[in-house]
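Dropping the structures in below, format is structure tokens.
Next come two complexes, and both contain chain A; in the first it sits with chain B, in the second with chain C.
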Partner chain A sequence: MTPSRTAFAAILAKDLRSELRTLQSLPAMALFAITTFVIFRFGLDRTSLSGSLAAGVLWATLLFAAVLGVNRLFVAEREEGGFDAIRLAPIDRSVLFGAKVAALLVYLVALELVAVPIFAIFFLDDAAGLAPLVAILLLTNLGLATTGTLISSMAVNSRARDLLVPLVLLPLAVPLMIAATGATEHLLALGGPSYDRFGTWLAVLGLYDLIFGLVGYAVFDFLLED
Partner chain B sequence: MYGKGLKPLSIATVAMLTLSLSLVFFYAPLDADQGFVQKIFYLHVPLAIVALLGFVAGGVFAVLHLRTDDRKWDAWSYVAIHISVIFGVAVLITGAIWAKASWGHWWVWDEPTLVSFLIVFLLYATYYPFRYAIEDRDRQARYASVFAVTAGAFVPLNFMAVRMAESLVHPRTFATAEGGMPGEMMLTFLCSLVAMGLLWTTLVKFELTAKSASGQVKRLRRALDAPVSGGSSRIAPEVG
Partner chain C sequence: MPPEQVKGEPAIAVAALRRDYGDRPALDGVAFEVHRGDTLVVLGPNGSGKTTLLRILATLLRPSGGSVRVLGCALPDEAWKLHGRIGYLGHEPLLYRDLTGRENLRFQARLHGVERASADARIEELLRAVGMERRADERVAELSAGMRQRLSICRCVLHEPELLLLDEPDSNLDAEARELAQELVGPAPGRTRVVVTHDPERHLPEADQVLRLGIDETAVVS
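Let's look at the complex of A and B:
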């Protein structure tokens, strides 16, 4: 039995290397996010945003961009026979879940490193709220990564895979979005950030991450059986 | 074999529904603020409670399916979710009627229970396209169970998040439901709840019986080597 840590590192490194070489997901996600900002600028007819409007635009864009990455997460495994290889390998199957969550987490952080500064340049008058926003971004990313990996691994084995991910992931992400926008709204408020119920929202995000992390870990084995 | 006990159960359901409806219309007092329209409460709230419990039951059956690998539990899980989704449609419609009558709008966004229910309903509505999309039967059953478990964990979490998003200035009509309700209303409500629970159980049993019968017919046809006419049972699990 290969130790789980070695297997985890190997799968994660494989994913990141193949993404770096093929650039299948990340550029598309970033471009999608930037274009969506432009659409919001004209759709809302606003050149600067604050408060709940800023939070809504930011999170709706990040969520839809994340869906693009989630869609492609297991495509290589499916098309190149990676699932069979994992099944044959003497490793604990939940390692694949962990490694894929980590890979998706890296994609989401990379997306936000591009999209959030551009959002700030486009719409924000005052960037003081961005520093505490990092905590919310990280916790929300973790939640999106766990549910996204779970849904993606199922959708990729179905007929309608590109359709299933947004269909199932969006309702599942609603509590995440409620908490993330609830906290972001006050951070990006006009006249400087305020921390109204900031800790509570962080706790909700953490609870979501914990629950779906455990659920994913518990059920992922069944998705790999054949 | 699923038909066993179906007749007494159906009779009990009809009797209980009749009793609860007569209590609603002839026994329960009129609400002082809302008048007659408040009586939809005895339909709406029990439906919602039973639908939510049905979703959770679907998750529990799914866990049993994953643990025992017995296809019977997948059928139970599928049927439980199926009937609960139908109840869910009724909940949303009765909720909208009630909101229109008591607040003047068909939809009220600051009623957290209604909004949470909509989100849960939307999630479970994706159960069907999700199941349809997977062709292999064993895999379909397994994935559907994973979906049911995940969604079952989602239900309480979602209710918590939506409730917290409220600014808590909205008057909660039933914030004191247990404490503030007069005895007659409480009795009527409990009767309606039992009636809806029985209705759900009966419908689940009927659906399972029908599935089991059509599965048996299919197997017999296959044994006779006759062409099986495909159709509505395509997504439905065969029950052994």
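Let's look at the complex of A and C:
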């Protein structure tokens, strides 16, 4: 058996190299997020947001932008025979799951490096809540990446892939979004961030990540079977 | 010889193999044996199940019934023991279009646990063997179908597999490339091969056995 670390690094490097070369997912995700912020800005007719409304706008936008990346996550494997190549190799198949989660995590972090500063410029009077927001972003990204990878691997063999991913992913992401917005609304509260129930929400996010990480690890092998 | 394989046991032993797609049987009652170092040529019209058979032997499809043993491993239960021991050349080149030929081969080498230094030397050797050393740094998407097939042949034998499963190995290759590819995937002492082909004139002289698959007919081994 090839060491899992070697296989993981090979698959992750391959995915990132392909994305850097073709820019098929990241620019679309970033452009979608920016456009959505512009629409919210004019649709709500507000130059400043705070509390639950700010959290809702931020997380709804990031979630829908993430769906674009999730949709394309396994396309190369499906269309270019990567699944067969990986199934023929002496590697633990859960390595593919781990590498895809890591690739999606990188996409989401890159998306947020663009989207969150623009969100702050558009809507926030006070940027003090952004530093602790990083912890929420990372935990929510991990949850989105594990759930998204699982759903993407199931949907990729369907011709209705573009429809299936949001239909299945969005309901599964509801608990994640409740926790993420619950934690974020206090950080973006009017008058500065407060840390009311912050730890509880982080624990909920961590629990979600753990559950879907374990589910993905347990079932991914079966999803690759014919 | 790997511990799973009993001395004298055939490299491939198939009995009463059946594979269904929904209600339609693609293979039914197929039986044959291939000994180490032998070549089995598989013939048959379109839709007779040749590719299905090859994908079952490669562990990419599960049989619906019957018994299949490959290199001493019973399929599908022991399929994991075969990973890395088979070289599979299918209709798809199994190459990523946005990577170069060399990057694809390096990726495959890493998946198969080949050390970087020996992988680079092996890749150069293979690229030279198929006449692709000058085009290896171009993206696969920019290469012709014939050149992709040459790269795919390199991918198939990169990890020095014990068994070669070749589905139309000559497809898209010109005469020169066919000759070059022979060195890598042609008959050789100790090389066990299953070759699916529509070109019996070319491949029958290499065959130790021939399996003829027919639509709605029992497979015949000769």
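We take it that the second predicted complex is superposed on the first by the 226 of 226 C-alpha atoms of A that agree within 3 Å, B and C clash if a C-alpha of one lies under 4 Å from a C-alpha of the other, contacts with A are read in each partner's own complex, and residues count from 1 in each chain.
The definition used in the following text is that a contact is a pair of C-beta atoms (placed from the backbone, for glycine too) under 8 Å apart; a residue touches a chain by one contact, two chains touch by 3 or more.
Just so it is clear, the structure is predicted and the values come from calculations on it, not from any experiment.
Enquirer: Give one word, clash or fit, describing how chain B and chain C relate on chain A after superposing.
Expert: Result for chain B and chain C: fit.
Enquirer: Could you give the angle made at the Cα centre of chain A by the lines to the Cα centres of chain B and chain C, to the nearest 10°?
Expert: 90
Enquirer: For A:6, select first, second, both or neither according to whether it touches chain B, chain C, the two together, or no partner.
Expert: second
Enquirer: Should A:82 be classified as contacting the first partner (chain B), the second (chain C), both, or neither?
Expert: The second partner, chain C, only.
Enquirer: Now for A:160: first (chain B), second (chain C), both, or neither, which partner does it touch?
Expert: First partner only.
Enquirer: Determine, under the contact definition given at the top, whether A:17 touches first (chain B), second (chain C), both, or neither.
Expert: second
Enquirer: Have a look at where A:225 lands relative to chain B and chain C in the superposition and call it first, second, both or neither.
Expert: After superposition on chain A, A:225 lies in contact with both partners, chain B and chain C.
Enquirer: Just chain B (first), just chain C (second), both, or neither: which does A:90 touch?
Expert: second
Enquirer: Residues of chain A touched: more by chain B or chain C?
Expert: B
Enquirer: Minimum C-alpha distance between chain B and chain C after superposition, to be given in whole Å.
Expert: 6 Å.
Enquirer: Taking the stated contact definition, name every residue in chain A that is touched by chain B in one complex and by chain C in the other, in rising order.
Expert: 225-226
Enquirer: Which residues of chain A touch chain C once you look at their complex with the stated criterion?
Expert: 1-3, 6-7, 9-11, 14, 17-18, 21-22, 76, 80-82, 84-91, 225-226
Enquirer: Under the touch definition given earlier, write down the residues of chain B that touch chain A in their complex.
Expert: 66, 119, 122-123, 126, 129-130, 132-135, 139, 142-143, 145-147, 149-151, 153-154, 157-158, 160-162, 164-165
Enquirer: What does chain C use to touch chain A in their complex?
Expert: Listed in rising order, the residues are 58-62, 83-86, 88, 90, 92-99, 103, 107-108, 110-113, 139, 155.
Enquirer: How about chain A: which of its residues touch chain B in the complex?
Expert: 147, 150, 154-155, 157-161, 163-164, 167-168, 171-172, 174-175, 178-179, 182, 200-201, 204, 207-208, 211-212, 215, 218-219, 222-223, 225-226
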